[in-house]
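First chain written, first letter: the chains are A, B, C and D, and each begins at residue 1.
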Amino acid sequence: METWPDITMWHVRVRAARAYAYRVPPSRELANDVIKIGIIGAGRIAHVHARSVLHHPNTELAAVMEPSLSSATAFTQAYGGRPTESIDDLLDEVDAVIVCSPTAYHPEHIVAAARRGRPVLCEKPVAADLGHVDALEAELAGLDATVMIGFNRRFDPSFARLHHLVEAGVIGDVEQVTIISRDPAPPPMDYIPTSGGIFKDMTIHDFDMARHFLGDIVSVVAIGQNLDPALEQTGDFDGAIVTLVNSEGRTATITNSRHCAAGYDQRLEVFGSNGTLNADNVRPTTVRVSTADSTDAQDPYLDFFLSRYEDAYRRELDEFLLALAEGRTPDPTIEDGRRALEIAEAADRSARTGTIISL
Amino acid sequence: METWPDITMWHVRVRAARAYAYRVPPSRELANDVIKIGIIGAGRIAHVHARSVLHHPNTELAAVMEPSLSSATAFTQAYGGRPTESIDDLLDEVDAVIVCSPTAYHPEHIVAAARRGRPVLCEKPVAADLGHVDALEAELAGLDATVMIGFNRRFDPSFARLHHLVEAGVIGDVEQVTIISRDPAPPPMDYIPTSGGIFKDMTIHDFDMARHFLGDIVSVVAIGQNLDPALEQTGDFDGAIVTLVNSEGRTATITNSRHCAAGYDQRLEVFGSNGTLNADNVRPTTVRVSTADSTDAQDPYLDFFLSRYEDAYRRELDEFLLALAEGRTPDPTIEDGRRALEIAEAADRSARTGTIISL
Amino acid sequence: METWPDITMWHVRVRAARAYAYRVPPSRELANDVIKIGIIGAGRIAHVHARSVLHHPNTELAAVMEPSLSSATAFTQAYGGRPTESIDDLLDEVDAVIVCSPTAYHPEHIVAAARRGRPVLCEKPVAADLGHVDALEAELAGLDATVMIGFNRRFDPSFARLHHLVEAGVIGDVEQVTIISRDPAPPPMDYIPTSGGIFKDMTIHDFDMARHFLGDIVSVVAIGQNLDPALEQTGDFDGAIVTLVNSEGRTATITNSRHCAAGYDQRLEVFGSNGTLNADNVRPTTVRVSTADSTDAQDPYLDFFLSRYEDAYRRELDEFLLALAEGRTPDPTIEDGRRALEIAEAADRSARTGTIISL
Amino acid sequence: METWPDITMWHVRVRAARAYAYRVPPSRELANDVIKIGIIGAGRIAHVHARSVLHHPNTELAAVMEPSLSSATAFTQAYGGRPTESIDDLLDEVDAVIVCSPTAYHPEHIVAAARRGRPVLCEKPVAADLGHVDALEAELAGLDATVMIGFNRRFDPSFARLHHLVEAGVIGDVEQVTIISRDPAPPPMDYIPTSGGIFKDMTIHDFDMARHFLGDIVSVVAIGQNLDPALEQTGDFDGAIVTLVNSEGRTATITNSRHCAAGYDQRLEVFGSNGTLNADNVRPTTVRVSTADSTDAQDPYLDFFLSRYEDAYRRELDEFLLALAEGRTPDPTIEDGRRALEIAEAADRSARTGTIISL
């Protein structure tokens, strides 16, 4: 029996033991409390969060609300918790809420939770447009609400480490951020009209990431592409190039496409006065193949956000809970959600009018 | 709410949902049965297996046996299950057993489980020496025992994919296998005398990997190194170079060290008649740092087998359970354990006598 | 003596033997003729071309013209040839001309050579502005002049191979070109006012490269950066982000900086409907360093265009001579020079006015 | 005209300018003298050296000797110099000699040059066997001969830089050297019987490289492979695994094959007490291809030693000339040649007898 390392570090409660599944483990320990989570919505992203809740050492999935009780029930059969059609029922039973409903319902669900004093982790975008964010903020005024917006990429282990190295001064002042973000394949055509458009649906993650490194943005210029005739008919773009500038003249360049043959292409480069940091794509294995035709050929990238950002979603939940435990306001805030949305609306306007938009 | 992909794949029971934690998911679904697992031993490797059991969708940690009840109790407080000092008690309550006791006890525990018809997943090495394996096999004769030996590296996602590509004929016939396997730091000096020596303790994994690609080995030559004076005093080696040859003249070369500044160095290369396959070290992130001093500097490797082979241990358990569910004999078998041990003993003899050993 | 390969391939004239210095050798053999080259100018880029002439198997440096005879003489002492202050003298003695004079003199020198029927390889940019290109083209009308513009990057072995793979259809239709091009350090401040500005001086290479993949450009938007206060005082930019769009909506994004800690950062990525091609930075060796701090740290990039594009300049000269030998018009043409300049002027206007410019 | 860098560094004589072709330039300048070189032999390796002589700023190919005057003449037509059948004629006209004759003639040609006081750069191996080296050394005694042996790999830019980093202490003490060296394809079968066998013909380079890092070797064990039936009939091996140990127990492991689908596979890794250094294969470009099938697939390696070690041969000549200019004994010496040959003979004995050989 191999026993040499000090194994006392492993003598921890079952919950902390399960936390080991986080490849970059949380630096601080949560208290022993189990936090009862309610999930609003039972769609794809609700499944992602349900898995994070299942894996987190300090959470229990207590309730799931969906307008269709049968959908909620199917969901709870898979992940546990009580199904309900009523948001009030759900709020009765939980300590905190993850909002996974359609974007149009986000404000309503955030406010309902806030009125009951339940902290909220809400999926992006915070609302369908800036007008709705204004209305939401008016309703939240005086409620002392805790709302975190689910920009999961901030929590990706590679992007988070890159950000940490920037903060630590490894490359000096940030000058140019380069983000390449391509989906493996376009969504079904009937999704597109409900998506809010590429900038609010897809690029919004990149806008948040740009703000994460540059702070507030003062200028936006976007070029939309229509290389896929089917997608063009929806009135949306299938690719985009966006350049953002902050008040000091530092820039972020975002390249998006709704498709990418090699997989889910998610890269980040930050160029600074003293060096450059890169975060590459992630592959399922380290295997390289060399033959007479080519050498060191690697696996395609992890195929989509469910696998690529699995760790990020877990760490996002972790940060939400840690902030609650420590009485901090969790980042990113509703204000971060508003700013990303503001950029998305400006980018859409820029792409449609052929102008550079000042914010 | 993003809904376009067919999310029915995610509408699965909680157990299958948890299976998603396997980065390279099992190709076949287990039946719904929950298998009660007993762990014998409560040392470091028992913790590793307990975490796999916790994460596996079809297992429950039912009991843990240790001679010291307080150790067993501390362990079950962390991971669940009933603590016991009695192997009979443990066998009463479980469907299958994972043997994590000291090597000297492996045969006794395997036989006890086999007599009660409990399938066994036993840590490597199967026994302290070939004599004990002989005795073990004699005792097992007629018992229809199911015993899998825990050579976890076969189940590492990268090594497993590399093996799959070899089997698929991507590089033609295997000619030369190159294994580099270095620990990040030597164990405590007082562990060494109980370890069985570097070849049985450390290189045995590499011997199994060599056999995994070459089949049975007919010739062994080993060079032992003594570069660390403290380690030399124990009579053991702190580094080794071993060359194995199979009956067709195909070779495996193993390079071991008890230390490595850059982390846990675990690489595999298979050179074949039509190409070469490599599996590189694994790093926690994809971040690369470029400054005036150097470019594309990456993170150190994952630090030890607990993180590097976490997925491998989970997939090992998965294969054990799948084989049980399908009525197959799980690989690697007790015979694989014997052969690796035979090579380890030959390597030790070769290194101590300066001769090439024929098997 | 090792003799097995058919060494007859090596039994070639001394000139062809020297051609081996081209790491990616020309596919076609030149005839035996020795072409007498005249270089106009004796500055830094003249040295680069003189070395290419020295190494080329079919060229001889016959004459060098500079207004200062002592400069011309110093130059010819280093590389051979006859020094002269007179362009007519030079044209008397040579078969072809490389124009390395200051940009303001390019049209005059091109015309002088063309009137004498001497083919010209002219450094970029072809002229100081579009007005001068118009005047130049008017003067050349009816002269049957052969003029190649020295966009050396088209001839870089990596970029050329990447372009070849695009033409071969390996990645389907080009959709998004990403060019990152950063100098290791800014030029002396007194050079800046004479440079024509970052877009004509530095980005013009990238504009040509974008056109090489996208054809003609219909829209330009540029963001200029002023992060270096000293450089800002000159009225020029020290960084730039430019997005170009062609008539089909395909894009190129260019990121420039006048400095880069890690060296001369020269990368190209072409994203297509069926795949992606990358050309990375070049390093002097393949050595990687792994220690407890980081792993696989590599050398800084080759330090500047003199080393990075040494092969490209040689291959550029090779294409010039091959085109002459075969009676073809060498690429890139004066029209390519005009188009790159047109984009540069549009980019400058875009950056200074905050508008998207249509061409 | 770009003029900002201090271009005076480029105002050098033509010879020094040509030296720029060395990608890792010599650190010290040679004097202006032109050294007249004679090449003995006109086979494949003679062509390699002739190209180095052509490119070197301080050399001139003065004469070439071959028993067949027509071969010598064909050779000098390609590279210049006077052809001759007589070694005395050649020695009359040259300052230094490069011996590229068949191995059996090396001692005779070295002695002839030494008697006339001509420094010699002799191809490896120094002689056909140790007996001939003994005889050679006896003949050279008292002659004050300067003889450098052409172990070109010491001069490869990557291997040389790796060695420099080891000497600089970057990785602490060397513990394990790993050399992988595979030819792209076997030589013609009729060459094999004249080759001296794989250990003297091919592995000898690796033996010298092992000695370069480990100093003198005290123990050798070699496994020969016979996977190619045609090659087996010659009595030679087509693959080999050799382990060398020095007096301190530090090791080198060499893996050879006479074929490799992916190209000329030439890698070196040195593992030390504080880190690891790697030198990878070299490719003609940096292009990477990503499609739905695989990502970042790279070019095959440079195809053979003529391209892979082109720079190494040039730098080898450079060191020979620098040593002469500085009155130093150039490395590697005839003694290095003897030691590599001694290991080669021991390896052959080891592989044929199945024993570990002590030196």
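Rule of thumb we're sticking to: a residue touches a chain if its C-beta (ideal position, glycine included) is under 8 Å from a C-beta of that chain, and two chains touch if they have at least 3 such contacts.
Keep in mind it's a predicted model, so treat the numbers as computed, not measured.
Note: the chain lying farthest from subunit B is C, by mean C-alpha position. Here the spacing of subunit B and subunit D, counted between their Cα centres, is 43 Å. With centres taken as mean Cα positions, subunit D sits 56 Å from subunit A. As a whole-number value, the distance joining the C-alpha centres of subunit C and subunit D reads 36 Å.
Annotation for subunit C: residues 171, 261-262, 274-276, 281, 289-292, 296, 299 touch two or more other chains. Shown here, the protein chains touch in all possible pairs. On the subunit A side of its complex with subunit D, the touching residues are 261-263, 281, 283, 289-301. Residues 171-173, 175-176, 178, 180, 182, 219, 221, 223, 225-227, 239, 241, 243, 245, 248-251, 253, 255, 257, 259-262, 265, 271-276, 354-356 of subunit A touch subunit C in their complex. Within the complex formed with subunit D, the residues of subunit C that make contact are 1-5, 7, 10-14, 16-18, 20-21, 23-24, 41, 43-45, 47, 50-51, 54-55, 74-75, 77-80, 100-103, 123, 157-158, 161-162, 165, 170-171, 187-188, 191, 201, 274-282, 284-292, 296, 299, 304, 307, 310.
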